[in-house]
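One chain, chain A, appears in both complexes that follow, with chain B as partner in the first and chain C in the second.
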Partner chain A sequence: MKRHCLAAAIAVLASGGARSETLLLGVNATLSGGGAIWGEGMLGAARAMADRVNEGGGVKIGDKTYTIDLKVYDDRYRPQDAVTAMDRLINDDGVKVVVGPMGSASTVATQARSTEAKVITLTMGFTPKAIGSALPYAFRPTITTTEFTGPQLAWVGAKLSPKRVRALLPNDETGQSVGASQKEAYKAIGVDLQLDFFDRERVDFVPVLTRILSQSDVLEIGGNSPTTAGLIIKQARELGYKGPILVTGGDVTAELVKVSGKQAAEGTYVHLPLDSGYAETAGYIRDFEAKYRKPVNGHNAFSFAGLQMLLEAMKRAGSVSDTTRIAAELEKVSAFPTIVGKAGWTGRERYGIDHQIDVPFYIGQIRDGVAVKVATCSYKSCE
Partner chain B sequence: MRRSALLLALAAAVIALIPVVAPNLFYVHLAIVTCLNVMFVLGLAVIARVGQLSMGHAGFGLLGGYVSALLAMNLGLPVPLGLLAATLAAAATAALLGWIILRLRGVYFVLVAFSFGQIVVLLALGMEDITQGANGLVNVPAPAVFGYLLNTKTAFYPLAVAAAALVGTGVWLLFRSPFGDAMAAIAENPRLTESSGVDTHVYQVVAFSIGSGIAGFAGALSTHYFQFISPDSFTFWDSVSYLTMLVVGGRVGVWGPILGAVVLTPLPELLRSTQGLQHVLYGAVLILVLLFLRDGLVGLPARLRGLRRTSAPHPILEHSPERPS
Partner chain C sequence: MGLGTVVAQTIVNGLMVGMIYVLMAIGFTLVFGIMRIVNFAHGEFYMIGAFVFAIVFDSLGVPVAVSILAAVIVVGLSGVVVERAIFRPFTGDELNGMIASLGLALILQNGALLVLGPSPRSVPAIVDGTVSMAGLVFSLSRMTVIGVGAVAILALYLLVVHTQFGRAMRAVAQDPEIALVQGIRPERVYPIAFALGVALAALAGALMAPVLSVSPFIGLTPTLKAFIVVVIGGLGSIPGAVLGGLLLGLIESAAGTFLSAVVADIAQFVIVIAVVLLRPWGLLGKKEREA
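For the complex of A and B:
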């Protein structure tokens, strides 16, 4: 009797193993603390893709059909934790594809391990060091300050003709990286941008605003979290500042308006990574928010677009594990329809490798609490 | 004595076998991080021995990490010399700082030490030309021993164990010495100790320097293991973690800090896939230990023995004819 039971159990296990193929997808992002809003976006994208594939019966790659299983780890916005999470994904879980890392320092800290293990990463790190010719498995499916600041400021410069611009930025990896890009981009339009850094936890900006607002005709606050940007706008308007405010970075509008109020935010120019008028984008946002009861931010939409491109590359490579072939196919994906528009890869000139997503982006102006598209941009110019 | 030796031999065997029996390299990584944390917590224990609490402990780790990484990357200095320089730099900084601030006690010292940790982070952020700012230093060289590069987990693991054992033995010898006794006396009653002829200020400065030097060494070793350092590598929250490990393990002696690091380093890994629960777990463990185990986990056996003794029926009363039925 015992022998029969054992045989039956083995048969069930064997047949089960043959039927279900699983594609493991790792998520290494910040899920607690300050950067959690962005990490939650990345996790949301991975969940949405897994649910979409699994509810549709799986994705056919080669001659097998795969369902997606997620392995999710929090890096607590610390590079050492990101390394531990990456180590666990690679060595303990055997993951070959990771959504993340999120922060610039985490991205740089984990590169040696992911490259050595030939693990494909879809990073959201804004640092120029996030992708490069020595990193054949690292892709960046989001538009960074380096890409959008130049064309956006050229457009804004032509429109506003600023002479004196002051920027307020957090004194951390994001602030420093964004500040360097902004300084370069403003220099290109003939403006010597003055940078003022503050502690990320700061909430009272009245002293610093009192000092700098009299010395500037445009206030630049790109690179701040939506909450901080909203606080700065609110306090600047309360101090009587009536000049233009630019937020050249991140998808910040909804949270920003919540903090600053519609009236204070009116007229603010914002970077608009998503065009909610584009049918695919609007459909994704609507479905996601209805199903998961959470808002879609830039990290969410671009991570999802990156996964769409990755699955296409896996189909073309006919494999979920041969990451060298998958990376080669992923590089070739061009004008591919994603939820953020037709996407491909660029970046060889700047980074030495075409691993930077190439999609249109936009300039918006906040009107009655909503960002309205006022220009469409490519990496060359905005019109 | 024989029981202690047996336990020690058993622990050594388990430690030696980790790379062989670990299911995969992630567990070796975890063991290395545990060794690094053991050193940090032992450093903190040395400072706690004189009754002080350093909330800038991670700042010394950051200082040591940058010193060793920059010496190796810019001057090509061999990693062992970099580790030595990091230890000395952290110890010397602590001596200078301690000479001034160790006249403060309690919350005042905690605040100044906290401020020091923040200043180191801000300096690392601000001195971009040297430290690469927030992006940090990448490709920090791995250590080499007799020409053999320790750039894999299995190769680095023996070095991490040896370093932790060296620090552990050093701290154990220190605590057993007359100097260690004087340190404990200062924590107990500084005025009485001073009246016995002990220069309490000098002792405190020395203890602060040794503890911070150990943090500098551990920070440097960690940097060469991760081959990366940024201002976010050692922050105030790391100081809080080391303190939690010390309190949970036990503040007195050497085994408490070791036990705290060994238990609390892998424990959050169980909850890494959850959002924020790791912090809740840390807080809950800390509160429970403070409430029920004032001596930390290391005091658990003694406490259990005490409970058994009080709950066991008294042999005389049990058979006493006066015992009420």
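For the complex of A and C:
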């Protein structure tokens, strides 16, 4: 018996086959402060992918099998902290792939470092500057306002025929870029969108709502954090506003309803990045929530989908470190089955590079606290 | 909506926000006036008060008045412990006391994040619905904040001006050594004064929980506002905190309604700078005698 065990041990050591290598995955996202809900979603996706790979015995890339180890940093929604985190990921940890950065300002602030170090980033930054021909290693596996606002508003315009629309947005990089794209999209449906900005830390919107609600027949609050959007809805309804509210922004429904309450949120139109009726999406949500006891939001699901595509690209490139080859293979991934549907990359026309995820998205209406799908959209139109 | 209606609405909005600023600032200035500690963890007691209220009122279904009382008592008692364990050694030591309070703020906020998670939670309104009068729409929940806040301020006024303990607090605030000569033991006044200060923050948190929402991050803005208010009103002055809080609430409301939210945020700092330049001791503060 002893002889058999010894022989087996020698065979394993000699082959080296059972010993797995480590694939380091960086996470640079907001894990505290106002944007923590989104950052926790991104971290949750990275953790879910790591657990899935590690529990399955690793992922085979080239002739080696890799398990995933996470290196996690909190940027506290501050660009300077995101830069520090990126520096540590690149220089101290030697990471080649980063889930993040999350916010637009953090994304822009870290670009020079990640590009110079040839680090692949899966950013959630909504700014149009997040990806581009000068950023060959930056990919965006989420649908941004720039992509969905046009088709979504064309659908809303046909349904509600709004004349006067006011938007409330934070006065930072995210708010300004979202406002600019919203204004352009509303112009396309014949509406001159009026923008009102506020400091991101603001929680009392009653003064500004008192002024603008009487001057609008539709209130647009896309581009705000779920907490802020929920507060605005709650306070607008308290002031007796009964008109439609649009949240032409990221996936905010669950957190928004938590803040505003079901009654105030009823009827609100929201961007719905996930179709919970799609089997793979439903399965992922069910498994994630059962295992981690946390809800799945858009940042979580899209980060996970981005990682699915990235691992496929690594397999095709046969490397976890040659990021130039991985980026080239990632760009070629098309109609790939992910948890959010068959995904590929687009964006050359708008950004000069095909690094923007291409998947269907949806318009939902909140009914009894849940977003119900009312339209299915591509980047061209909603039906 | 006519101009008169908008103005009236603006005043009510300003009074509600101002009332919360007053409750926050009184606690902040009370602790400074008596212990000479700038408590930057003050907003975290607001956050804890809001959470205690949310759990007791929403999750346990306890009546609203008892829930508010629970928030005030839990935070007040924790204030006694915090004063004894953390702040007592720094009494009179403004710089180190301030650093300790910053550390405490981080511990409390991140502790809440670990225990309660980052997700905000909604708390049902204390009083449902709105009241309409001559074109004005007021949320009953917000009107309740004004009412309860006013009662709390009146009660505090009576305590400070007309009770033996209130006189003892004022004596310690004016000069702890002279107070000691008069038979007042400052070390007995400190924990109660600190508890009273943070209990007021908890009351503000409990009142605002149903109006806004509750999360581990809600304490930062009230701390900043309390600081602005006491700079305007005069550090250590309770009447100054009342005047400064209501003034700030009304200015914010008016600027936000008639100009923009960004201008409202700028306006408050312009006022702070003007006060610091023209009247550094605040509107109702006492000018320190030069040596």
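The criterion applied here is as follows: the second predicted complex is superposed on the first by the 365 of 383 C-alpha atoms of A that agree within 3 Å, B and C clash if a C-alpha of one lies under 4 Å from a C-alpha of the other, contacts with A are read in each partner's own complex, and residues count from 1 in each chain.
The rule is short, and it goes like this: a contact is a pair of C-beta atoms (placed from the backbone, for glycine too) under 8 Å apart; a residue touches a chain by one contact, two chains touch by 3 or more.
Model, not experiment: these values are computed from the prediction.
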One more residue to check, A:Q80. First (chain B), second (chain C), both or neither? first
So, A:P207: does it touch chain B (first), chain C (second), both, or neither? second
What is the contact status of A:V119 with respect to chain B (first) and chain C (second): first, second, both, or neither? neither
Touched partner set for A:S32, first chain B, second chain C, both or neither: both
Using the superposition on chain A described above, determine whether A:I363 touches chain B (first), chain C (second), both, or neither. neither
Contact-wise, after the overlay, does A:L239 reach chain B, chain C, both or neither (first, second, both, neither)? second
Could you say whether A:F198 touches chain B, chain C, both of them, or neither, answering first, second, both or neither? second
Applying the touch criterion given at the start, work out whether A:Q176 contacts chain B, chain C, both or neither, answering first, second, both or neither. first
Based on the superposed arrangement, let me know which partner A:A305 touches: chain B (first), chain C (second), both, or neither? neither
Common interface residues of chain A - those touching chain B in one complex and chain C in the other: 31-33, 36, 40, 171
Touch list for chain B against partner chain A, complex: 23-27, 29-30, 33, 122, 125-126, 128, 133-136, 138-139, 222, 226-228, 230-233, 235, 237, 269, 272-276, 278-279
In their shared complex, at which residues does chain A touch chain C? 31-34, 36-37, 40, 171, 196-199, 201-208, 210-211, 214, 226-227, 230-231, 234, 238-240, 255, 257-261, 295
Can you list the chain C residues touching chain A in their complex? 1, 6, 9-10, 13-14, 17, 110, 113, 118-122, 124, 130, 132, 137, 139, 141-142, 212-213, 215, 217-218, 220-221, 252-258, 260-262, 264-265
Residue set of chain A touching chain B in the complex reads 31-33, 36, 40, 71-74, 76-80, 83-85, 87-88, 90-92, 103-105, 108-109, 111-112, 127, 129, 171-177
